[in-house]
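Reading through the structure tokens given below for one structure.
Chain nomenclature is as follows: A, B, C and D, assigned in order of appearance, with residue numbering initiated at 1 for each chain independently.
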Amino acid sequence: MAATAAFRETRDEAADPAAFPPPPLGARPVDRAAWISAFRHVRDETERRAAPLSPEDQQVQSMADASPTKWHRAHTTWFFEQFLLREHLPGYAIYDERLHYLFNSYYVAAGPRQPRIMRGLITRPTADEVAGYRAHVDRAVEALLSQASASALEAILPVLEIGLYHEQQHQELLITDILHAFAQNPLGPTYDADWRFPRSQDATGRVDLARGITQIGHAGEGFSFDNESPRHDVLIQGGTIDRALVTNADWLAFIADGGYTRPELWLSDGWIAAQAEGWDAPGYWRRAGEGWASMTLAGIQAVDPALPVTHISYYEADAYARWAGRDLPTEFEWEVAAREDRLADAFGLVWQWTRSAYTAYPGYRPVDGALGEYNGKFMSNQFVLRGSSVATPQGHARVGYRNFFYPHQRWQFTGLRLSDAR
Amino acid sequence: MAATAAFRETRDEAADPAAFPPPPLGARPVDRAAWISAFRHVRDETERRAAPLSPEDQQVQSMADASPTKWHRAHTTWFFEQFLLREHLPGYAIYDERLHYLFNSYYVAAGPRQPRIMRGLITRPTADEVAGYRAHVDRAVEALLSQASASALEAILPVLEIGLYHEQQHQELLITDILHAFAQNPLGPTYDADWRFPRSQDATGRVDLARGITQIGHAGEGFSFDNESPRHDVLIQGGTIDRALVTNADWLAFIADGGYTRPELWLSDGWIAAQAEGWDAPGYWRRAGEGWASMTLAGIQAVDPALPVTHISYYEADAYARWAGRDLPTEFEWEVAAREDRLADAFGLVWQWTRSAYTAYPGYRPVDGALGEYNGKFMSNQFVLRGSSVATPQGHARVGYRNFFYPHQRWQFTGLRLSDAR
Amino acid sequence: MAATAAFRETRDEAADPAAFPPPPLGARPVDRAAWISAFRHVRDETERRAAPLSPEDQQVQSMADASPTKWHRAHTTWFFEQFLLREHLPGYAIYDERLHYLFNSYYVAAGPRQPRIMRGLITRPTADEVAGYRAHVDRAVEALLSQASASALEAILPVLEIGLYHEQQHQELLITDILHAFAQNPLGPTYDADWRFPRSQDATGRVDLARGITQIGHAGEGFSFDNESPRHDVLIQGGTIDRALVTNADWLAFIADGGYTRPELWLSDGWIAAQAEGWDAPGYWRRAGEGWASMTLAGIQAVDPALPVTHISYYEADAYARWAGRDLPTEFEWEVAAREDRLADAFGLVWQWTRSAYTAYPGYRPVDGALGEYNGKFMSNQFVLRGSSVATPQGHARVGYRNFFYPHQRWQFTGLRLSDAR
Amino acid sequence: MAATAAFRETRDEAADPAAFPPPPLGARPVDRAAWISAFRHVRDETERRAAPLSPEDQQVQSMADASPTKWHRAHTTWFFEQFLLREHLPGYAIYDERLHYLFNSYYVAAGPRQPRIMRGLITRPTADEVAGYRAHVDRAVEALLSQASASALEAILPVLEIGLYHEQQHQELLITDILHAFAQNPLGPTYDADWRFPRSQDATGRVDLARGITQIGHAGEGFSFDNESPRHDVLIQGGTIDRALVTNADWLAFIADGGYTRPELWLSDGWIAAQAEGWDAPGYWRRAGEGWASMTLAGIQAVDPALPVTHISYYEADAYARWAGRDLPTEFEWEVAAREDRLADAFGLVWQWTRSAYTAYPGYRPVDGALGEYNGKFMSNQFVLRGSSVATPQGHARVGYRNFFYPHQRWQFTGLRLSDAR
């Protein structure tokens, strides 16, 4: 069954699933039409995700970590204008230089920018005007792809490619950010009343992790982010990893056993966060009569015990594992099991916290220039999540993908699976 | 000359200036048509002021002290529904009970409410849906006014009347709040590109304040807020008060003489605020080449030396007076001079800080119930301002009117005139 | 019974009560011996108050509003060195210039200073070394007083006099600050185990306040602070004022009637403070079995219903008056009744909140120079208290004295008496 | 040459260096005298380190991360009373139960405790009274060690042993905390005027790290903390590591090349911290004429280029490595090189930041009960440091020791050595 109706079924009807991912960078001759198709596919998906949202919805920034829908739409456009058109399209006239201050995110090398916390205060350009900005840049990029010389394409396609994956990341954030915004509204607005969280696969038991040295990191010719390299050897210690995700039913047992009231189960920083924030259940849960309901993309819904638990922080995942007398897997244990396809629901439901701090692979160096700020500068204080979620765009995930968030954050679709270290 | 084009000229064309204020409460027989006309006049003015604003503009809350345009439109509607229709219209069906949580401001007795700081997060209802709420309540109020028995009107009209003046207060806030929001946008959006601050009257010199006992506070049959009563005797010490307001030219001299860098000119709390906020000029001023520009309702404009200075805090007003070797008047000195019509620009340009702390007149008691929360509970830590401003609706101001703000606030159209205490 | 044993009985034995106040400034010939005696009297009293305190006790700063005992001892010494010796004693060698940074309080004109919040971090000089600083300055001041020419004394005595009253103010703070510090210690240390709060006078009923114009402010030849001038006419509206202070018994009735849980009784800012701080009783009260105990200078003691309530904020005083259907007096009403000696316990138990905001008397101007920072720069956001407290040094209080604190503060010995406005 | 004169040379004279460490836990027969000697040695060292400090010095807590000297002296005593005497000495009478609230640090299972931020407010017990507490507990522990049955010793010695290493950790903190406190005092007090930072060994060049699997973690019979286990295989990738520490001369080059002003060199969280704190040099550095001085245990001293840089945060270490085009080593790379004794100054000068996040070794489980809170609950958001510092007590360090701090902290003696990842 198709999940996430609003941004998945609609797309399935409207879009060509073959359009993404684009061809490998090294493929020759360059298939310009395929690249243009991939570009249109990604750009359209952003607009499809924004379509159910009113101008008011698109305006709001509900916390410092989130951004307005309108900002996501404009920022991803700025990315192409700044890094692709400004650099590579001779004679290109910037649509409006003033937008560059507004829609740069964190690229220090690309110039000053609106403080992150103030993104929600920019009422103009309006949502409609941002559509105009998008159309202008779309036309220019498509023209560039059609007309560039073969040698120019050598420089263009790597930037285009990262721009596409970058926009897909913002597509996921667009969904999680608007869910957070709606959750602040006591009316519990719906993004899509028909949306339902997809069901898990039937799966039980533990998978053995073979002890030994294995290669980790990106291989092959497809796209990957720089933080997935260099490919290198890792020693797997052995142990096991669960096939299934932890479910809401599991989590209710944790709550019932005092999971949120026993400090001995928690990391010190985690306990401080839990007390400060008043956590007594996953994010967006609220008591409903004898049970629990949760704010979802379809508004407030009863918690379904069969679904995987989501909107949990690393601190909660860690406390749960300690309560269960188990472990969280390392990112490498996860990757080994996932690439052998031995995990249920590795992708498409919830990002899965690992106990690996987000750090550089040995010998990692960011690329020069502003795009070097993409991943490397965040390599402290965060933990790696693996897999992908219900909000991840089609074609975006892969087995070596390293997502990362701070351990207190829980507005993403974040869950967990357990393991046992040897 | 007509000022504040967007919300004044338009109104002059569209509205009947005779419609407001309504008849005195005690007038008999009750002129239902005049009350309905006054109601429509006020309700329409709110919409006229909101008309230049996009749904995005209406959504934003740029600081805790400000509220979204949409919220002002809905809250003033809630006020009539809560205090007038719910109480006085038998069989009235509340439009949507859920809106009462969203649009109650600070009336504890009227139930729980959305935290003030989170007003900007409510994207739904949309601006259009708020228009529907307004229309529904408008129809019900007009029906009530048409059909209520004479005895019922005795209870209805006092609530209606305060609701009208209440909505006018929000009309002023609507303008000052959106100016603050626009000032956060580096693009400097315009509320009305043709808007110009009205010019001052030609006036110089000082008016003598006669020493002696005088009556202060509300008299007569017109409307006043409870904080203007009881009328009581006050001893005027004598001294003088300036006919003219302090101008931008005056203020530039203060700046040039180190006004913002000499702590001996400032109250201790004021100096702390000035340092913390980095004040070096009035609110919304920014350096422009050799001179100064200011964010206005018409976008960023050069500072005109001839205009009265505005967007200054009490702390700045106090420091300016000390620098000038002068005083700020008490609210009573202002009132005495104003009611004899001896002040230029007493009304219509800028609210004028007085050195009177905002406290109760002797024997003041708030009314029972939620409407008792209107004024009395704010009687600490604020200072009285007298007069009215360019954003004050027609018919709202009067000589005994007591406005009040915290001494650090400066997003209102606040200015000053000097005096000399005897 | 003599109260505040540690700093009162001891003093009564050790000191000559006739030593303070010194002669009026204008008395001729100048009685040098009397001035030296007054100086020694005040300086000794500070040391007597510090005597029960260990070096550790004298080191601690328990909040930004409080200062360490050691700092009080050094700062009052600095005051004489900075404003008296440096200016008026030719050839005087500053004891240690580095101490001036440490022990200046808020005199901007006297140079930079240690941030207030960091006073408790200065472990050196030690308490003993501060004693050496005090002795050095004492010797120099006494020498100056003995040897100065008659004409030099004209300039010296006004500074000496303000220095004495200044040091007395710090004597009161020394007591209230150490009580606050001890209250943070769960062991409930005692300043003086034998200390007892003095009993109230027997008094009931209300005193009529005659309507009419009266003179307010300092008159005569004795000392007063600048904020008590200019003397000026004030119109008393009439009404009554209670002879007695509000007691703990009264306050227990307020608590029992929901005084701390009914927002309609409170100023808006007061309710916010009460919620943020979790107030459910006066400062230092804690539940003890069925009743209440309070942290005092003699450690934790049962609350005595007969004593005047103390350690209450203005917000609480205001809420109490509203609950009682009464008023707080203005500072002028209090002064009129007190100077006619019609109030019980006007002095010596608790400072009494008035509903007068702390502002300048008409025509007030601070003196030039650093000493002009003494009072005037605090004239915003505070309320006037009248009378004096159990911690006020002998000879310090007078009927026109204007004390002032922020409305949320309650670490002083602050109480109230009620009135009825006409 | 003996370093850290105040707490090292003194000790060398006074103490028997053979007294510590005590015999391995498993040694039979148990050498009671050796354990008593080790206990006395550690207890005495704490007092030796506190000896130069006045009661005032011992009282102060200069930030939330630091604790008063007096608190360290009392807390380490509480540790023995709570975990050793209360559990294992039949009939032992607790010295004062009220001290347990005051001097428990973070052991939730051991009961409630004084909030960390308020440790500096406890003026009583005094420093002298804490000495009494220490003496009482010392006598009881020595009696217990003399008299306990052989079987009782089985349970006693592991607790005693961890208590000794625990107290040594506080000995290091005592020094770093008082240095931080003194650094807040503009007078720049000295802990020991003769103290000098020890010189580095002469060392240059890089050590090759052999690629391959190696065992990491605690082995053998000596003491280790639980976070050093389980011993497990780790794959070393190869690469090199510097023999020498980074020096002040190196760091001056980093500063001169804009190290503190180029965001591209910094982690995102690090840049935010650097801007917020205004970092432009290592902790305690201040400009002195054309050069730099630094606050040290001997007061303010010129920065010596030949010394290892210290008081740097992880963020600074990371930025420096990026600037140098090098890496920080992993904790495993460091351990491999150190156990082969190939590093200069591995111990005794500065703790060395590694790029390893502080996480559990595979299969790690904390012990049950309050002592299980010792290390495990801090395994998030911190980085591992290896080696030891000038403030580390003799006998405390070992090659597998894992120290950990937050990446923004720099009041410890923290430095770095560089490496090159393969």
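Assume a residue touches a chain if its C-beta (ideal position, glycine included) is under 8 Å from a C-beta of that chain, and two chains touch if they have at least 3 such contacts.
Here's who's who by UniProt: A, B, C, D = Ergothioneine biosynthesis protein EgtB.
Remember, it's a predicted structure, so these values are computed and weren't measured experimentally.
Asker: Counting only C-alpha atoms to place each centre, which chain is farthest from chain A?
Answerer: Computed centres place C farthest from chain A.
Asker: Mind checking the rotation angle between the two copies, chain C and chain D? C-alpha superposition, nearest 5 degrees is fine.
Answerer: With C-alpha atoms aligned, the rotation comes to 180 degrees.
Asker: If you average the CA atoms of chain C and of chain D, how many Å lie between those two points?
Answerer: For chain C versus chain D, the centre distance works out to 46 Å.
Asker: Indicate the whole-number Å distance between the mean C-alpha point of chain A and the mean C-alpha point of chain D.
Answerer: About 39 Å separates the centre of chain A from that of chain D.
Asker: So what's the Cα centroid distance for chain B and chain D, whole Å?
Answerer: The separation of the two C-alpha centroids amounts to 60 Å.
Asker: Pairs of chains that touch, anyone?
Answerer: In this structure, the chains touch in these pairs: A-B, A-D, B-C, C-D.
Asker: So in the complex, the part of chain D that touches chain C is made up of which residues?
Answerer: Interface residues on chain D, with respect to chain C: 54-60, 62, 70, 98, 101-102, 114, 118, 120-124, 126-127, 181-182, 184-187, 189.
Asker: Spell out the residues on chain B that touch chain C in their complex, using ranges where they run on.
Answerer: Per the stated touch rule, the residues are 106, 108-109, 213, 232-235, 237, 239, 263-264, 266-271, 314-315, 318, 355-357, 359-360, 362-364, 372-373, 377-381, 383, 407, 421-422.
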